[in-house]
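The following block contains the structure, expressed as structure tokens.
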């Protein structure tokens, strides 16, 4: 069973790490250190550095609010749950696989990513999370119909902003043919092998 | 990390194996022997034995054609690829997870099930398989528009019949709240551990 | 006014009655005896006997539950009402015409088949039947959204299973170009001429 | 088998014939004379005489062009075929039943009305009529996308205007709860009984 | 900044004013006198005089009810609000621009036309007008689902008939490639320059 | 004719200019200096400064590529044309009005913004711009279906990225109830009054 190759090469060849601007290379190497590989999104967007910087600045402001000094009413896992569900609604291969992997890890639930991606109404989640995803799906699919009554749910800004941001990144990933790294598919599915004593 | 419980119990309680009619119990035990667990679909439909028998007879006639003496132009993996893609289009949790697992095993490609479920246009499949899935999606979503020109693809009957059959079973599974067995989620993702010598 | 011929011949030529396997031929002749003609569906699927047997076994388990020893909360007419409405939602020519004919006869209402096929919300049916069709349409068109609250309606399993089954047969009929027998179009519309004494 | 009553009375009570303005009453009586009954549309809209006059003036200008001195490239049957197909796409009970009856009579084809209403792609019609209905469906459902290339078909104005007019009348009939007269359901289905010699 | 020319000439050349039938020419000249230009719709439909007469008779019966002796529960501005919203839902360039201009003038609100055309849920209108537009949109997009409960809103007939009429005229305008006169785009946006004293 | 007030106040009160972080305040005052007013988007997002900075960094990287040292194959007007068309497809009131105003100014065509917003197929634009908008609409509405063949059009990255970015900002604006400044509605519609000499 060899490493699968993507059906089609991504539309835009990614630059080599050593050719990246200093600040971008530093961030990429940091991620590689932590994850053990470089998620494709970090290279795919690097052809155009100004967009790369804005994209990850936006991403971090929403997904890592503490990094910008903001407290969030959502757990890390809930944020990734919104991303995975939104990305599935947009049929975005890269984002469902990559963020689904992170969701499994944060929530410590190896099945939840597949569940919300296929049909969040059947997922093993709390009623609060269900309401959160109902709202996110409205922002995703019918944002022009969002009205006062939809705001009973708490932390609506966070829900909506994350969904809106992936209204951008899902389209970028799909359009550019970005493929998920093979590593993502398995992450968080099985208990991590304990290091041998 | 404990075994997850479904968000909601299935609508109809499944009967106990020992209470099943003889022929059904035999088939269930045979599957359990082979798979190591009883896939939920075998118990979920057993409350109504006549439907159970018809359902699996139909399933086998399409998915195991050699069992009824018919030769098929589709490989086992291709049949499961149609099922997984159709079930994803119908947002059927049980069928995407269970048949996705079998697809990974038959195709020996640990990523392909997630790929076709999320966006088959980006999947690592052959042009022939892509044409097969385009046709299956038309039968799935706009069967009234199928016309002569759609039949350039080979083996159209097989494609269409499988998709149509899951037009039935996806609805049954979704409606009855059938949940995938946890075992399915991991099947075929990693190389099987070799038995210790 | 001659017998109309179908716009296009069906895609797959039907076998001759005398060439059918014994059990299938017996059933076909029995139907012909009762109806005065052989409904096309009995021959169209007979090319592949294992599927034929499973299809009619499934059909009978749902549509003739007493034949498998099950009591149903639905009348025969109500079952056909679900079939006709489902088939119209799927734009299936064969099933709307053939099951619409049977619906007229069971319900003794010569107009009801056209009414439910065109717009069941305007049909001359009981509130209970209206609720039944609302639920069936949800299973037909958005089965992934069916939830607890939808089950207030009685006999939900029967409703859903019938609709799901025709999620299969509508696609088979449309895809294979099966045409309704001309006899169906007129059945049940006018009081039967009494046989001359 | 008694005359069915509509599920719900029409929203707006129709006026009595003797209370109608002179010109409207004359037209109604003329139709009654010819058809043997008064089609409900003639009374349903008569509450508001100015709209009644404009509606039938428009109807006649399109459906009876010779009555306004215009020659048409469409046969009477083709015009009714467009109406029946358009009305089915809009799920309008009154118009499908009433115009379907007239279509059967003009075309002398007892099955064609049901065929185009359920799935015109399967109907027993000529290639020219098929192209005509494809175009009419585009005007009906996506008129904003009609472009130069769609005009290869002949007599596009007539096609489009008829479809557009029933974009009005289907909505009026559905909204006001207008029900088809029972007579329409059977018209043109069986050869007319010859008068006894 | 020169006068823009339409991207494509309208499909059917409009007749010259002097060639029109007497009654039509009189009406056209009257409109020109009042508006300062001839709105394209008056010439575009004039090729077929019987349809022209019926179209404007219908239009006036609905939009100028006092001209046919009927009292209306809707203000002139509300009628145009329904037209503009309906036409935007149908993506009809001519009608949104032309009726949006009249809406601005009647309502004396220079922003309201753009608001209802883009998203009426965000428009600066009264709750009664919002309910009116919700109902009109149901007639426009799902008239087959209109039911008793939708009639809580007052003056439903007027709402529905106007929406239905533009279900006709939007299709005619889009199909025929009718372009709005440039004058319409600016009308009612800025306070009218007072005539110099 | 007084300044219209929004139907509903925006969901989140905007901060006062003097309370903004230094860098944001500077940018806001610069825009106010140039435009004569502060477009609401500059204040609406300022409650959360990290998102504000990322949003405008992204916006500028796409819409003002020269500001980040990138050369673009699109004119300024074409970029705004994509934004206006995308925003109309998403029914976003703020973005259609604000970017429509800028589009009119850049293209020096007072009608083009309304045209692309209502139906870009009827707009007075070049064939190249039409192809550009067709592609942008595919990214906007069916990004998962974008494939090799869609890339015949030039500068696809720019098209797609802009559309994707407004897949974010349209949702943010709609969700948060952001209203367009009244100034936008009239901008670019009439020749600028020359300053009195």
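To keep things simple, chains are lettered A, B, C, D, E and F as they appear, and every chain counts its residues starting from 1.
We take it that a residue touches a chain if its C-beta (ideal position, glycine included) is under 8 Å from a C-beta of that chain, and two chains touch if they have at least 3 such contacts.
Every value quoted in this text rests on a predicted model; they were computed, and no experiment measured them.
Visitor: Chains shared as neighbours by chain B and chain D?
Guide: Joint contacts, listed by label: C, F.
Visitor: Please identify each chain that touches chain A as well as chain D.
Guide: Both chain A and chain D are touched by B, C, E, F, going by the contact rule given at the top.
Visitor: Based on CA centres, what chain would you say lies at the far end from chain A?
Guide: Using the mean of the C-alpha atoms as each chain's centre, the farthest one from chain A is D.
Visitor: Give the pair among D-F, C-D or B-D whose set of contact pairs overlaps with that of E-F by over half, matching residues by number.
Guide: Repeated interface of E-F: C-D.
Visitor: In whole angstrom, what separates the CA-based centres of chain A and chain E?
Guide: One centre to the other, that is 46 Å.
Visitor: Cα centroid separation between chain A and chain F, in whole Å?
Guide: Using C-alpha averages as centres, the distance is 26 Å.
Visitor: Go ahead and note the Å separation of the Cα centroids belonging to chain C and chain F.
Guide: The separation of the two C-alpha centroids amounts to 53 Å.
Visitor: Could you put a whole-Å number on the gap between the CA centroids of chain A and chain B?
Guide: 28
Visitor: List, in ascending order, every residue of chain C touching at least 2 other chains.
Guide: Within chain C, the residues that touch at least two other chains are 8, 91-92, 119, 122, 144, 174.
Visitor: Looking only at which chains touch which, which shape fits best: line, ring, star, complete or other?
Guide: Other.
Visitor: Which two-chain combinations qualify as touching?
Guide: Inter-chain contacts occur between A-B, A-C, A-E, A-F, B-C, B-D, B-F, C-D, C-E, D-E, D-F, E-F.
Visitor: Would you tell me which residues of chain D are touching chain F in their complex?
Guide: Counting only chain D, the residues touching chain F are 144-145, 147.
Visitor: What does chain A use to touch chain B in their complex?
Guide: Residues 1, 4-8, 88, 91-93, 96-97, 108-112, 114-115, 117-119, 122-125, 174, 177, 179, 182, 185-186, 189-191.
Visitor: Could you list, by residue number, the parts of chain F that touch chain A in their complex?
Guide: 8, 11-12, 48-51, 53-55, 57-58, 60-62, 68-70, 90-92, 139-140, 143-144, 146, 148, 151, 156-157, 160-161, 163-165, 167-172, 174-176
Visitor: Taking the complex as given, what residues does chain F use to touch chain D?
Guide: Going by the criterion above, the answer is residues 119, 121-122.
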